[in-house]
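Scrolling down, you'll hit the structures one after another.
Common to both upcoming complexes is chain A, partnered first by chain B, then by chain C.
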Partner chain A sequence: MFDTALSANDLIFLAKGAGITIVVTAISVAIGTVLGILFGVIRVQLGAVLSAPLTFVLDIFRSVPLLIQLVLANAFVGMVLQLQVSGFFVACLVLSLYTSAYCAEIVRGGIDAVPATTRRAARSLGMSWGQDMRYIVLPLATRVALPSWIGLALGVMKDSALVYVVQVTELLKSTQILITRLQEPMFLLLICGAFYFIISFPLARFGGYLEKRWSND
Partner chain B sequence: MIEIQNVRKSFGDLEVLKGIDLNVNKGEVVTVIGGSGSGKSTLLTCINGLEPINAGKILVDGTEVHAKSTDLNKLRQKIGIVFQQWNAFPHLTVLENVTLAPRKVLGMDKAKAEAIAEKQLKHVGLGDKLKTYPTRLSGGQQQRMAIARALAMSPDYMLFDEVTSALDPQLVGEVLETLQMLAEEGMTMILVTHEMSFARDVSDRVAFFHQGVMAEIGVPEQLFGDPQHVETQKFLASVR
Partner chain C sequence: MFDYTFQWKQALARLPKMLDGAVVTMEVAVLSMLLGIALAILLTLFRQSGSRPLKAIATTWVEIARNTPALFQIYMAHFGIASFGIHFSPFTSLLIGITFNNAGYLAENFRGALKAIPDTQTRAGRSLGMTPVQSFRYIVMPQMLRISFLPMTNQMVWAILMTSLGVTVGMNMDLYGVTQDLNALTFRTFELFAIAGVIFYVITKIITLGARLIAMRLFRY
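What follows is the complex of A and B.
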């Protein structure tokens, strides 16, 4: 009834690709989030006019297709800077900046959602700007921003499929390699999709869990 | 002692304080009344440096609030303020709301901060709400929590900015009782309020503000019983 040439070794090969997808995503989302918080705070603090140059650069990362960013960055690092770096490094670099550009907007929205009167109350207790940020503003902004951030992280995970153009063999590229060899595209894409789902699901559930927990506050 | 000397304050073209002079002595309770837009709330936020001023000075125990060399974070430790909107920190429990500033600003250890917070929360009648989140409290309870939060810093002065204005009528009494208790304990307080009978009971002096000017100040019996300024008379007639 159903017959496939897919072997256990092929599945391990796919799992390794999935591992690369997870690692690239985890590194990029981690760095991108830290930078995104930094950029978001800078944008709120400096105001629209003073932060215009930063906003402009972030807009570039948000508007140019990721595929083009990856190809251009790879060429720039290799040919212009003459640096010997791996495709993996370029992939993480570009995806981190890409993530940070989106994350900065999410953070800005979250900070703006914290009422000025709440911040005023914190400052009136003698808290410094930094203490207000750390103990009041960022925790409250996180609650507002979390659903968007989860969406961003899941999006970056799927977008990471594009890093094959800088010779990183992640999940989708691994699948394509098997498709070429086994000639069973539908079945292999189904398995590939299942892998993506298995990676995404815990993150989506974790976000749901946090939202529910915080709504009880 | 709080010394307010010829303070002027504008928001854009609008001058909301037009040369205010007022001294508040240790242990004194001064109430500020007046119509909306009279500048009374703005004065409070200027006293602890939340708002800059355009002219004049404000001295708290001899320290000039708006001087560049003044460490406002340090100065604010001795001036508590409670606002019309209670501004609870919604992500923290009642106890954490009160312990946060003592721990992070004063560097107090957790156990000591919690002991002080529990004492202050019991004091305002919230001893059974320590682990509750503020969103589960009524407006009056949140406002009392905000008072305990300010008191936990052991301030020398307390400023109250229309703290009952945003409350449902049946919750006003519990907050006023808390203020009365503080006044009886000798706390130095400046209150902005619309509760005239309360102002009469609790104040050592009452000031009437009109359009950015302190039109009249006196002991409650005089100001309420025999107001001198025509605007004071009009205002009191309108709120009676």
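What follows is the complex of A and C.
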């Protein structure tokens, strides 16, 4: 197992794949979070009935496999609209919406966790809706939502392994290319897994720590 | 620009084949869920036990399952294990991969659920003359499964969505695999995958609604 044909160049190739994984994740989580906060606030403000269409659309992103979402988006953009866009763009687009669907749910949960009486108290003190949101809801909701959000970001990082279907060579795809060439699946997969683990594990632990630290009991 | 003509009829003609695929998808998901729950209970027991090696095994399993992509786990089951000369069929590899993932996530849920069950419950069971095994089996476990019913439903939905990854190890009987093969035949990519997406959506909705009904029936009190 230690007698390997893996060269320094191959390692650089893997590192590039890892870079793509991180870039795709960072872009998607950034855009997805902004959209998710927007959708989450809209859902809470409008109430269950008025926001039903939005809920339905976001629900689709959570109930259809990501692989199918990617293939569909790629087919739609490429074959139906006949636009020349890169797979990278499609990957970021789909993953952003995918993230926003989950993020909206987290944001909604966070806002719902703020007691209605607290918010009414804020409004009674003469705060505007914006002030209430900014000074009362935001700090309290963050306590509830941030640990789940870290989990979501890590989930998107792991799910970004699927963007290979739109011809984006991220970490797992790079590994697969090397496996085809070097024929050392176990060794290469262990390197690949170790990489995911190294990124994910400390952040997951940090999320768990925050959750424990910030819980009310 | 918009000169693409949708051919829904062509794609819909393949619906029966896709529904057959959906059945296989359900089979994999249900099997992986049942095995996953059994393994997760085992892992939870390992974690509760005083034995260090058992704890280490359980913790490693849970952390790897939770911190690497499901696709990686399926690859590992198919290509990784193959380097030891053991070759699984795509169906088995997919099942192993998803079961591994399910067990890891569920074990974590179970651990959270156990925290919510007071120690006094076990002690009361023991005082009534139950053995440790009996008090876990009849007192703690039912409560644990009850508390983690909702997370289990979510995991079931995840298991269904994860079956679509089987195509990467050559699975062609499940819903995604069938759709992929039909796509190779007909090139109606958008139509076929849209239908597959709808089928997946309907399946997950049935699961979540069904679970809600079962929960209402089971947890009336």
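Points to keep in mind about this one:
By our rule, the second predicted complex is superposed on the first by the 201 of 217 C-alpha atoms of A that agree within 3 Å, B and C clash if a C-alpha of one lies under 4 Å from a C-alpha of the other, contacts with A are read in each partner's own complex, and residues count from 1 in each chain.
In this section, contacts are C-beta pairs under 8 Å (C-beta built on N, C-alpha and C of every residue); 3 or more make two chains touch, one makes a residue touch a chain.
Small disclaimer: the values here were computed from a predicted structure and weren't measured.
When the two complexes are overlaid on their common chain A, residue A:65 makes contact with chain C while staying clear of chain B. In the superposition on chain A, A:200 contacts chain C only, with no contact to chain B.
After superposition on the shared chain, chain A has more residues touched by C, the comparison being chain B against chain C. By the touch criterion defined above, A:117 reaches chain B but does not reach chain C. Shared-chain residue A:79: touches chain C; no touch with chain B. Of the two partner chains, neither chain B nor chain C is touched by A:41.
Contacts of chain A with chain B, set against its contacts with chain C after fitting on chain A, share not one residue.
Here chain A touches chain B in the complex through residues 115, 117-118, 120-128, 131, 135-136, 139-140, 143, 214, 216-217, going by the rule given at the top. Every residue of chain A that touches chain C in the complex is listed here, in rising order: 60, 63-69, 71-72, 75-76, 79-82, 154, 158-159, 161-162, 172, 176, 179, 184-186, 189-190, 192-193, 196-197, 200-201, 204. Chain C meets chain A in the complex at residues 1-4, 63-64, 66-72, 75-76, 79-80, 82-84, 157, 161-165, 167, 176, 189-190, 193-194, 196-197, 200-201, 204-205. By the touch criterion given at the top, residues 48, 50, 73-74, 76-77, 80-81, 83, 85, 87, 89-91, 100-101, 104-106, 133, 135, 146, 149-150, 153 of chain B touch chain A in their complex.
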